[in-house]
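What follows is a set of structures to go through.
Next come two complexes built around chain A: one with chain B, the other with chain C.
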Partner chain A sequence: MFKARLADPKILKYSIDAVSNMIDEAGVSVTKDGLRLKAMDPAHVALVDLELKKEAFDEFEVEEPLVLGIDLERLNTILKRAGTDQILIQLDSENNVLKIRFKNSSTRTFDLPLIEVSEEELKVPNLDFPSQIEIPPKILSESIKDAEIVSDHVTLMVDEENLFISAKGDLGNVEVKVPKDEAKSFEVSKSCRSMFSLEYLKDMIKASDIADSVKIYLGDNIPVRMDFTTENARLSFLLAPRIESE
Partner chain B sequence: MGVQLAELVNAKEIDFQALSGKKIAIDAMNSLYQFLSIIRQPDGTPLMDSQGRITSHLSGLFYRNVNLIEFGIKPVYVFDGKPPKLKGAVVEERSELRDEAQRKWLEAVSKGRLEEARIFAQQSSRFTEEMIEDSKKLLKYMGVPVVQAPSEGEAQAAYMAAKGEVWATGSQDYDSLLFGSPRLAKNLTISGRRKIPRKQAYIEIKPELISLEETLRELELTRAQLVDLSILIGTDYNPKGVEGIGPKKAYALIKEFGDLKTIVREKKIDINFDIDEIRELFLNPEVTDEYKINWELPNKDKTIEFLCTERDFSLDRVKKALDKLENKTKEVKSQSSLEKWF
Partner chain C sequence: MYFEVAPTAESAKKFLEEQSPKSMILIIGDCRVKYRGRAKSFLDFGERLVVIKRDKSIMVQRDTKCEPVNWQPPGSVIEYGCNDEFLVIYAFRNNPPEKMRIEFRKIKMVLSTVLQDYAPLNVVGMETSYVGKIMEDPAIIEEGFHIYKKEKRTASGSIDIYGVDSKGVPVIVEVKRSQVTPLAVTQLEAYVLDLKRKNPEVEVRGILVAPRIPKMVKNLLREKGLEFKEVGWEFELPDEKQKSLLEF
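Moving on to the complex of A and B:
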């Protein structure tokens, strides 16, 4: 038995929107603490760890821990229809579907068939990040959108004073400078830089709209970790860098 | 050919963009036949070089793959090995059909009936060993990985998809679903505007995606039952199937009786093939783990020498396409994988 209710659908809508483009299908663990989704994209470039605590929901009931195999693309298509309606989620284990109900003046019910997913434990890379910077998510998302105008990749760089988000393209360059004082926290043990594909970042920043803050863990030519957090939810990404060749 | 499942299977139209970043194992022979039958002059003559050697397949392989790769798709070409013994009948039958089509094509050309000539010409498409070797050589120069299957290419492609090493199989046939491929992409190398035979009309062909799991769920069948159903309709290993039974009737029978052996017993059907042997070919086909799939930068000089110097392709067009191929491959290769840090 599992059911949950969200008076405001925003947190679920945005977090699924942020991950569904890179992860096709995933096993979502449901425990008494909430929902957890950990998965890697098929190309093994990005790793997603989404945690929605039970406190993020207005109602949350589960009898015993379970794993729901979800086609995320399909779930995202359904959630896009939610508008601002209240969402009710209920497992119909007899028919192996998740009932997703939008409630307003009418009640709309979608059946999302559950799929089989492998329950292999996901390996997680062990990384030491020399720099950790916490900034308002809006700064990050706007810089990524700036970079998209000129290129398909972006360089993240920090020194003792600033975080730089820059992109170079055939038609011009862009650089966004975020001074230390604007950051919520700024721990830089040495300057470092890595380059990343915007194809992934532009999906990841969709989480900006629901997060209060984003913490960026950066090193030299290693993956970047970005934790978007709010009181009752955390969406964490690990993204492999692009290595400049030649 | 392959098994005729179109009526029962729900194919979803998709955009090429949706396939960006995905590795797809393409049934090479299936794709080469498409090129050879589609890429032709108005009277049905295939493209040829100055020595009269056919180049339709090379043109298709080159330009179509550059297109796919530009969309971010990572194609792997899987070539057939030794066909299973049971396939002999089909191979022979196809060969006779092609002889017949060849005769009709020449006749139509001599009588000036171009429209008819083109159709017969398409049906007469056949491959020589040299054309297959040329295809492998071109793919290698382009930096596109080639996998040699021990037996059926489609089975090997399905095996790689089921293992998760590629995201989907690519073919016009449905057989890879029977071989266990979780996803089948159709129309990958033939998308675009196509003329409808015998009509002054065109249709737009778009890529399609078929999910094995969804198919089985919608039909409420297991994969073994889908194999049984296909044997009833006719597969490459028993081309005639059971007389008078098409997809709809086969489906109804499987739903009623559960499996092929029960159907044969209950309906007192005479069959001239071994059910277990064919089932085995689909459910446990001969495949290999010995292959590498790496995308490399194209060897531009070798490609130009082969296509332009030897086969009379336009230097200008080939150069432009090679530049696109090189840029995209560079971009894709610079993206590292998280596995490096595990």
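Moving on to the complex of A and C:
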């Protein structure tokens, strides 16, 4: 038995929207603490770790831990129809579907068939990040959108004073400078830089709308970790770098 | 495999006319290339490799880089001639109008070979590009498949790929990237019926393409006179500069 209710669908909508372009299908663990989705994209470039604590829900009931195989693309299409309606989620184990109900003046019920997902063990890299910067998510999402105008990839760079988000393209360059004082926290043990594909970042920043802050863990030519957090939810991404061309 | 080393233009022409298009052709020699079409280009004499495949695609390769310096896609018209002791290869197509003319002044070798290649298909690429991969290489569906349009609208929705087979029979292709449910069969059937509604007499083929298709769905497809093709999608990094998380 599993049942959950969300008075405000935003958190679920935006986090699934951020994830579903990268990951087609995934096993979502349901425990008494909440929902957890951890998966890698098929090309092994990005890792997603989504945690929605039970406190993020207005009602959350589960008898025993479960793993729900979910077609995230389908789920995203359904959630896009939610508007601002209240969402009720209920497992119908007899028919192997997840019933997703939007409740407002009318009640709309979608059946999402559950799928079988392979439970392969994730090889999560163990990384030491020399820099950790926490900034308002809006700064990051706007910078990524700026970078998209000129290029397909973006360089994240930090020194003792600033975080730089820059992109170079045939049509011009863009650089966003975020001074230390604007950051919520700024721990930089050495200057470092890495380049990343905007293809992935532009999906990840969709989490900006629900997060209070984003913490960026950066190093030299190693993956970047970005933790978008809010009181009852966390959406973490690990993204492999691109090699900078000479 | 047949080859001639240092043939004259006349004997190379004869060789090519005999061997093409049933074999794949390689020509190595000193040539110049003129191209006129969407752009105009001229490449003066230099030693290059020209490859003419059985599908009548042609490309000129230099001794570095992957990309050919000049090429024409499958289905081009290719003719051979001789002109002042030069071997001349014309490759052209009408839509869009493009002409390529390669003139060899010295030929090191011509070679023809038939490649026996029946390996199962593996398509690589990002998840969103399956339809794109088929657009690039319609032979993924089957030999001789020709694509007219992607995302063709019908009353029941939008067809992923619409084309004709080697016999000119209309083919509707529905591509699924992951889990295939009976719903996909219904969808494909609806598209086929939409097309038949306009022309009840005409034969229309419907093919469902997915990495793996459950037995139950296969049976359902057979029952409805539809076809399927399992294509083993393989995932690869978007490009060589993108690192994978598994490297860390």
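As a convention for this text, the second predicted complex is superposed on the first by the 244 of 246 C-alpha atoms of A that agree within 3 Å, B and C clash if a C-alpha of one lies under 4 Å from a C-alpha of the other, contacts with A are read in each partner's own complex, and residues count from 1 in each chain.
Just so it is clear, contacts are C-beta pairs under 8 Å (C-beta built on N, C-alpha and C of every residue); 3 or more make two chains touch, one makes a residue touch a chain.
Small disclaimer: the values here were computed from a predicted structure and weren't measured.
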| item | value |
| --- | --- |
| Three-chain arrangement built on chain A, chain B and chain C clash or fit | clash |
| Partner chain in contact with A:Glu199 - chain B first, chain C second, else both or neither | both |
| Contacts of A:Val67 with chain B and chain C, given as first, second, both or neither | neither |
| Chain B/chain C common contact set on chain A | 40-47, 113, 115-116, 123, 125, 127, 197, 199, 222-223, 238, 240-243, 245 |
| Parts of chain B lying in touch with chain A, wherever the complex brings them together | 20-23, 164, 167, 213, 217, 330-331, 333-342 |
| Of chain A, residues touching chain C in the complex | 21, 24-25, 40-47, 71, 113, 115-116, 123-125, 127, 197, 199, 222-223, 238, 240-243, 245 |
| Chain A to chain B touching residues, read off their complex | 40-47, 113, 115-116, 123, 125-127, 152, 197, 199, 222-223, 238, 240-245 |
| In the complex, chain C residues that touch chain A | 126-128, 177-179, 181, 235-238, 241-248 |
